[in-house]
Every structure is written in C-alpha cells, then in structure tokens.
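Two complexes, one shared chain (chain A), two partners (chain B, chain C).
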Partner chain A sequence: MLAIDGSFLDFKQLDLLALRQTAIHRLDPRAKLLTTLCFIVCVVSFDKYEISAMLPFLIYPTALVAVGDLPAGYILRKVLIVIPFALMIGLFNPIFDRQVIMQFGAFDIWGGWVSCLSILTRAILTASAAIILVATTGFPAICEALEKLKMPQPFAVQLLFLYRYIFVLTDEGVRTARARQLRTFGRRGLGIRHFGSLAGHLLLRTWERAERIHMAMLARGFSGEVHSRRRQSHFGKQDLLFTVCWVILFILLRLYNAPQLLGSLFTGDL
Partner chain B sequence: MSHHIVETRHLKHVYADGTMALKDVSFRIEHGESVGIIGANGAGKSTLLLHLNGYLRATSGDIIIGDGQLTKESLTVIRRTVGMVFQDPDDQLFMPTVYDDVAFGPINQGLSPAEVEARVSEALSRVEADELRDKPPYHLSGGEKKRIAIATVLSMRPEILVLDEPTNGLDPYARRQLIALLKAFHHTRIVTSHDLDMVLELCERTIVLHEGKVMADGPTLEIFQDDALLNTCRLEKPFAMQGCPICAPCRRPFPEQTPLIEPHSSRPHDHDH
Partner chain C sequence: MHMADALVSPAVGVVFWAASAGTIALCSARVRNELDDRKVPLMGVLGAFVFAAQMINFTIPATGSSGHLGGGLLLAILLGPSAAFLSITSVLMVQALFFADGGLLALGCNIFNLGIFPAFIAYPFIYRKLVGREPCQSRMVFAAIIAAVIALQCGSLAVVLQTVISGVSSLPFATFILLMQPIHLAIGVVEGVVTALVVSFVYRARPEVLGSVIQEKPLGELPLGSLLAAFLIAAVLIGGVLSWFASEHPDGLEWSIARITGSEQLPETGLKAHDALSAVQEKMAILPDYALPDRTGHGSSQRVGKSLSGIVGGALTLIICILTGFVLRRRRTR
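Up next, the complex of A and B:
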C-alpha cells in the first residue's frame, strides 16, 4: 500500500514540472496534444511482430525530455509503473504463439516472445509520450485544449474533477486499507468478503463527497456550466511548425523501417 | 439590500427517512452581528446552516434573508448574499488552481474578466494568500486551504458569512491566524463550532441548539456561565473560562473522573495566570 501511496504523491511532482518555462512548455497545449496523439496512433498501428521499426520513435520522448528540461530518471520511473500492466497483456503470447519466426544462433524464437516484446515497446513509447505531455503542459491545460478542439464540455469537466479528486480519493482508500491492515496482524483478515464492504464504504463516501461538492458549487452560483479562466494562448507559427514537423517525421517512420534502411545502406543491399 | 438580517420563524425540517432534525427554530440576527451556533452532535446545526442558503427546503416555517423570504425565485440573489464556507475545504476547492476557484463565483455572477481579476486579487490579499494564486489546491496545507475556501466566498462580496466549523483540523497557529482574520470582517457572521473558545472570542451572541430546538439565545458570556444549561445540552465551559488546572481544578461534567492534574495543596502557587 505504501508503494501506491508514494507513487501518487509523486504525481504532484508532475504538476510542478508543468510550471517550468522552456520552449516546449510555452508551446500551445493543442500543438503538444495533437502531436502526442499522432505519435500514439503511429506507434500503436504497427504490426504485432514489429520491434525494430518502432525504435526510432524514441527520438520524440528523448528530444522533449532534453529540450523541456525534464528529469529523465523521474520520467523513466513513472513509465516503469505501466510496465507490469503491459506485461500482463503480453504474458500469454509466448505460451499460445509458438510459431518459430526467427532464429538466433541455435535458439528458436517464438512469435509469442517477439509480440510480447513488441507490446512492451509500445507501452514504453506511448506511456512516456503521455507522461511527457502532462509534465510539459499540465493537466488543466490539456483539458482546456481538448475543449478547444471541440470535445464536449461535460467530458472536459469530468476529467478535471477526476484529476482534482483522485488525490483525495486515493488518500481515503489508502487510509481505509491501512486501518484494515493494522487490525489483521499479517493474516488475511476476513478475506475477499471484507473487501466488498470496504469498497462499498469507499463508494458511499465518494457519493457523499460528490454531494457536498455540488452543494459548494451551488452556493457559488453554479448553473450547469463550468467557466474556467481562459488562458491566453493562440496557435502560432512555432506551434504549427512543431506539430507539422513531428507529424511528418512520425508518418515517415511509420511507413519506412528506418533501422532496416540504415542497415541495408551499410550492407549495400539497397 | 439595506439590512443584512437573517431570520427564521418556526423552522422545521424532517429528512426523507423520517429523522426530525429541526423541530422549532426561531431567531433573528441583525446587521453586523456575530453569532455562534453551538450544540452537541446531532443537535441540528448543520441542517440549520444548509437552510440558510436554500440547499435544504424547510418542511415548515419561514426563512428571511435581507428584505425578502427565501423562495425558489429569490434563491440566486440569496446565494449571492449568503457566503457559505463548508467544513471540509476539499469540498469547497474543486477547481484546478486557487485562482480558478476564487474566480468561480464571480464568473458565475457574470462579471467582466477585469472585474473578476480585481475581485480575485482583493479576496486573496484579504486572506493573505496572494502568492498561492497559481497553486493547485492539493499542494496547500490545511490552514492555507481554509483561508482559500474563505476567499472563494469573499470574492462574491457576500453580506452575510456562514462558517461551518472554521477551526476544525487546524494547528494552534493556523487557528489563531484564522480567528484574527474572521475578527477583522465586518460582515454579519454566523459560525457553528465545537471550538467553544473560538465562539467566546469571536461571537458576542450565542444560540444553543438542543435536539432541534433553540434552548438558549443570548450574550455568549452569560450562556457560558449557565452550568445547568451547558450540562443539559452536552456542552461545557470554554477552556478560557475554566479554572487553572494547577491551583483550582474546575468542576467537570463527570465528577467521578479524577482530574488530569491532582490538586496539590502543598504546591506553592508559583505560576502566572
């Protein structure tokens, strides 16, 4: 539990990073959002056995970490949180997919291993792009960008509230779990049955909190529409340049296998 | 609105599950008064507060805010007049940054951006929190959150301030700071609390609620001297009015309990009061 506790606390750090002032931070949120989306679509759309063609995509997170003055170690640690989930998805591939698709010395390499590794690569690439987006833009600005890109307001508000209260709710969850842990003395407590009522309580508490928040909103004249301050930002030349250059690069990297081309350049097979 | 009065007449509220939270509550609070509402848990304090800005509707009885009765039509005006500060600042601060939160009310009032900006700056400097304006609320300490919660209401320029347990969960320093802040306000103030010392310091008048009824209504000092009343209402004297624990242990509500510090007749009276 403490591990979860710690990693959530760390998300606040992500917020602080978004307050920095670098060339990347100053870009319009829409530019970064669109570029990231394009990046993710390109990476995800690769063939399931593809690994080598994806590697050049690392240039995007690397470049942004460098220019955006982000702590690389910290971003890497955040990305590592996602790895177990990706591993869970790819875990059974080596068991079900035993077709030999390449040989490495005397070893047969099953398709399952390759696709599992491919999933991992995708996870690392997409997660790092998303985390870098938040670390250079800040969550509220992303929501605003989504709204400007014509996402319906209720969704944007939903996201904002999720972001605002995820800390409060995890806090409540962690406290409840801790209270349970302290009274089970290393045993299992009452097992799974117990967790049912625990989750139920958490839901009820969340419900009550939602009611109180609504009350606080009504008390300040809320009438169904959340007006937030519009940050002065316009989509300028640099933003356009940033987006277009990256998108063209992504599409090229998606269409042509750069490492293979480079390799054949050296071996003269081109 | 010329008179910022708050009046309830035979207010009664029964919750949907049949719990009668308020039986018969009548009082009249005049312009500029500072009134404490005290009572045991479940006495009806929170229910009463939720009536004052129309969140709950009375089962019977009337509420008069300013010149008019609280009705569905006057709700918007009344919510602008009565600034309500809730107990848990996490419920009150729901926007991504402090600025957005303090601006929420004024923007909903339809003010111009320049006016909103002015209101936010004024409210933040009033609670001495100018430097926090761009911070997200979960980066704030408990005391800061509380002050910002008050600023979110001040920015609407209410005439009446209603505060639910304002000193709850604050450390002694933050509590002092908050009391000093509230003392400086000239609004009509209504405060509920279990922090009786704060009530003693902040409110010249106190209303005691007990089981949904007004048990007493009068000058705070007089009410806190009425031991019989305090006993029936499950309250006790503020610590400031209890005796020195070393030389004269006070009379406790549970006489069978041994005092925290044994009275020592032999102990020389060598401490200051």
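Up next, the complex of A and C:
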C-alpha cells in the first residue's frame, strides 16, 4: 500500500520541480528539448563497445542538476529504477559475445562485458537526460514546445487534457486500490475477477467526468484550442547560446575521445 | 515491454520516429475532421484513466505474481483506431518523460510497437471481425483475448527486430525471439482477459458507451494505403540507412578479416586517399582504443597501455564532471 502511494507521490514531486525559478528553468522549452534530443542521439550513436568516450557526456546532466537546483539524490533514484530494464537485455551480451577484445594483465575481457557496461552507461545518460528535461521544463511547456515545432493541434490538446486529469484520476485509482486492499485478507479478493468491475466502475466514472468536462468547456466557448495564461516564451539569444554551446560540445565529445587523451597525458602514452 | 534508448541505434530510432510522427499527423487530421468534438477531451481523460487503472494491481491466477492493465486494446475498443492511437501515444509520452520508461529516442519505436498494432491491426481486423455486428459477452471475451495476444505478439516481434537491427545487444535473433514471444503470449492472454472483463462490465452497465464506437464504420475509412506506404518507406529507409552505416562501420567485416589474416587491418596499399579514409575511419571506428589481441603477441603491451589510459582518463573525466556539478551548485547557492 505504501508502495502505491510512494510511486504516485514520486510522480507528483517530479512535476513540482518544474516550478522552480532558475536560469535553466527560465530557458525556452524548445532550447532544452532540442539540446536533450541532440544529447541522446550523440550518446546512442557510439559504438557498442565504447565506454570511455561516453563518460564526458555526464557533464550535461550534472551541470543541469547543479544549475537547475534539482535534488541530485532524487534524480539518481529515478534513474536507477529504470536501469534494470535495459540491463536485463544487456546481461545477455556476455553470454553470446565471448570475443576477447581487451587484455588487462592476465585477464581476458570479453566483448560482451564491455558492451554490457556500455549499455549501462547509455541507460544512465539517456534516462537522466529525459528526467532532467521534465524536471527543468514541466510537461505543459514541453507540449507547448512540441506544438511550436509543428506537432498537430488535436494531439497537443489531447496531451494537455491527459496531463490535467492524470493527477485527479491516479488519485482516484490509488484510493480505489487502497479501499480494496483494506477489505481483503492476504491475497483473497485481489484477483483478476474483481479487477474487472473495479476498473469498469472507474472507467464509467471517468467517462461521465469527461462528458461533464466537455459540457462545461462548451459553456465557456471551447472551440478546440486550449488557451493558457502562461507567459508565451520566445526563442531568445540566451536560448540560442545554450543550445549551440551544448551541441558543439556534444559533437566535439562525440568525435574526440576526451578521456583517452586525458589518460594519455597521465600515463605518457600518446 | 518498452524499447530503451540504451538499446536502440540512432538510425532505428529516427526511422521509427518518422513513421510514428507520420501516423500521429494522419490520426490528428482524421480526429479533427470527425464531427464528434466530444472525442478530444474523452481521449485525454481516458488516457489518464489508463494510468489510474495501472495503479490497481491484480494477482494473476496460478502464478502468484501480480500484473496490471496495459490499456492499448481497451482504448481502441472504446475510442476507435485513430483516437485510440493518439491516446496511447500520449500515455507513452508521459511514461517516457516522467518515468524515463523507454526514453525519448526510443519513444518512436514504442509508439509504433504499442500503438499501431493494437489500434490499426488488432482492433479493426481481429476484434471487430470476431465480435461481429451483434456483440454478446462470450464473443467479446474471446475476441479481446485473441486481439490482445496478436497485438502483443506483433509488438514483441517488433521489439526483437528493432533490438537486433540496432545491434547494441548481442542477443542472436533466434534466441531473443524464443525468449520474447512466449513471455508476451502470457502477457497477451492476461491483457486480453482483463480487457474483456472491463469491456463486458461496461457493456452490461452502459451499452451505449460501446455502441457509439460500434456504429462507426472505421474499416472503410482506415488509412490503409497510407499506412502501407509508411511501412514501405520505413523499410526502405531502414535498409538504406543501415547499409550506409554498415559501410561506415565495417565492424563485422573487420572482425572476420582479423580472424582470417591475424591482423586487424587489410594490407596497406600506401595510397594517400586510403590513408585519409583510414584516418577518418579511425575516428569513427568501433575500437579505436581497445585493441584486438593479435596472434603474434607483439604490441600487446602497448595495447594494455592504451586501454589503461582509457580507464585512467575515464575515471578522471567522471571526477571532473561531478566536481563541476558541485562547483556550479556552490556558485548558485552563494
């Protein structure tokens, strides 16, 4: 029961982080969205056996967490939750890829282990980038950015509706689950049969709610567009600077293996 | 299951993003053209409902584990193909952003796997055909199970293909498919049963909710031609882009050459153009620093040195990144 409430609160907290006022939060959502996408594409485009060249990319999430005043522990926890999914597939690599690609003293290192570690690095980098994007921008602003980048309008309106009702309805879902749990003994009653009517009732309530919402909106002159009073941001000099600087850095880091160069300086092996 | 950014290659990610974005545009146009403007709020609210329903777990009989509703097929049954596709897409987007479930580049793949199959294949061609014109409860249960199983089988097949084409995972196609399909068969049956239970409950309580969708005739309006074209374009793009990538990263080839000749490189031809190309290739190459052990043994100490410098440098980079974070934060709080 605590687990359900916990995951739900977690979800709310991420949304609340977007309300902070920092230099990063004030940037245009498009700047952050495009930079994040560029970051992910650069990271993902590395070869499957690459690890060291990927590490400098950690600078982007750390810098944003620091400047955006985000709780580092919370972001890290959110990232750690999703890693097992990628790692589950990655752990098969050492089984199937036993080509020795590196020798370390007397140890032969299989390609599979290297690529598995590479998958882990990718998962950490890409997941943290996505979570930081929401934590510094907020879902409505991301929708707005997508709409400005030519996302079809019905889809945008639909996304905004989803966002507005997700908190109300998940609240209801959590309440329903808790009510059921309080009335069950052990596992009895948690089965699939009762789920049908439970979810069905929730669905009917949702449906009626949607109809009421629609009528209320029509009464207020809804014509297929959601107007918000949020400040319309425009893509300014700062946003351009932010995007261009990061993208240039990503490209440089993608082309040159910075840790390798750095390490060579120390081990004197160029 | 969701495709993850960590397993997808940029080419696959971009191609499926293009296919999914095209379908989003198409479905949006269709929803806009529909006269029923109740649908847009309904789509959003039902998307939120899927999240809410996922908060209620149930135990799966005979296994003792617990599962939750996926919701793709349910949305298709309640909303019809186009609206359901948009609704599923928005749910996946929230999952990718708030839970980093899958990731942003892999979102295109996930929309394709979890949106297109239930909305455009399983619902119109299986569920509706099996339910027929006069729905009754037993038929709806049967149809929902079959449709859910087929949607999930297609989806997991697509996950396998995307993973194998991306090439980040070393899982061979046959093993992966033998692993994924049976698991998704089980998931599909559970999903089908749950969907059927909810649908038949709604059918008993408020049949008109389902009636409004059944009266439509979406089969005639289905953008089948455009969908097929999209599939075709995706296939051509995958082929083209991948072969281009393959020629740029001749890894498989290089491996086999290394095995045959015992050295990593082809005998040098001494041509200037070749030198320039190999310099470029060195930059893009698969293992610029982790060296292959060759059979002659000479040069292996240098290679160990190289990989050592990679590790030392990597550790230093990590420290620098984290220190930068601390410095930036310190400056902020001051």
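Everything that follows uses one rule, which is that the second predicted complex is superposed on the first by the 180 of 270 C-alpha atoms of A that agree within 3 Å, B and C clash if a C-alpha of one lies under 4 Å from a C-alpha of the other, contacts with A are read in each partner's own complex, and residues count from 1 in each chain.
Operating definition for what follows: a residue touches a chain if its C-beta (ideal position, glycine included) is under 8 Å from a C-beta of that chain, and two chains touch if they have at least 3 such contacts.
Bear in mind the structure is a predicted one, so any value in this text is a computation, not a measurement.
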item	value
Which superposed partner A:G221 touches (first chain B, second chain C, both, neither)	first
Contacts of A:P140 with chain B and chain C, given as first, second, both or neither	first
Touching partner for A:Y163 - first (chain B), second (chain C), both, neither	both
Which superposed partner A:G73 touches (first chain B, second chain C, both, neither)	neither
First, second, both or neither for A:A86, with chain B first and chain C second	second
Partner chain(s) touched by A:V41 [first = chain B, second = chain C, both, neither]	second
Chain A residues touched - chain C or chain B, whichever exceeds	C
Touching both chain C and chain B, counted on chain A across the two superposed complexes	15, 139, 160-161, 163-165, 168, 209, 213, 217
In the complex, chain B residues that touch chain A	50, 53, 55, 76, 79-80, 82-84, 86, 88, 90-92, 94-97, 99-100, 103-105, 107-109, 134, 136-139, 152-153, 156
Touching residues (chain side chain C, partner chain A) in the complex	1-2, 4-10, 13-14, 24-25, 27-29, 31-32, 37-38, 40-49, 51-61, 64, 66, 69, 78, 86-87, 89-91, 93-94, 96-101, 103-105, 163, 167-172, 175-176, 190, 193-194, 197-198, 200-202, 205-206, 209, 249, 251, 255, 283, 285-293, 300, 302-314, 316-318, 320-322, 324-329, 332
Parts of chain A lying in touch with chain B, wherever the complex brings them together	12, 15, 19, 139-140, 143, 160-161, 163-165, 167-168, 209, 212-213, 215-223, 227-229
Complex interface listing, chain A residues touching chain C	4, 8, 11, 14-15, 22, 36-37, 40-41, 43-45, 47-52, 55-56, 58-59, 62-63, 65-67, 69, 72, 78-79, 81-82, 85-86, 89-90, 92-93, 96-97, 99-105, 108, 111-112, 114-115, 118-120, 122-123, 126-131, 133-134, 139, 142, 151-155, 157-166, 168-170, 172-174, 176-177, 180, 187, 190-204, 206-207, 209-211, 213-214, 217, 224, 255, 257-264, 266-267, 269
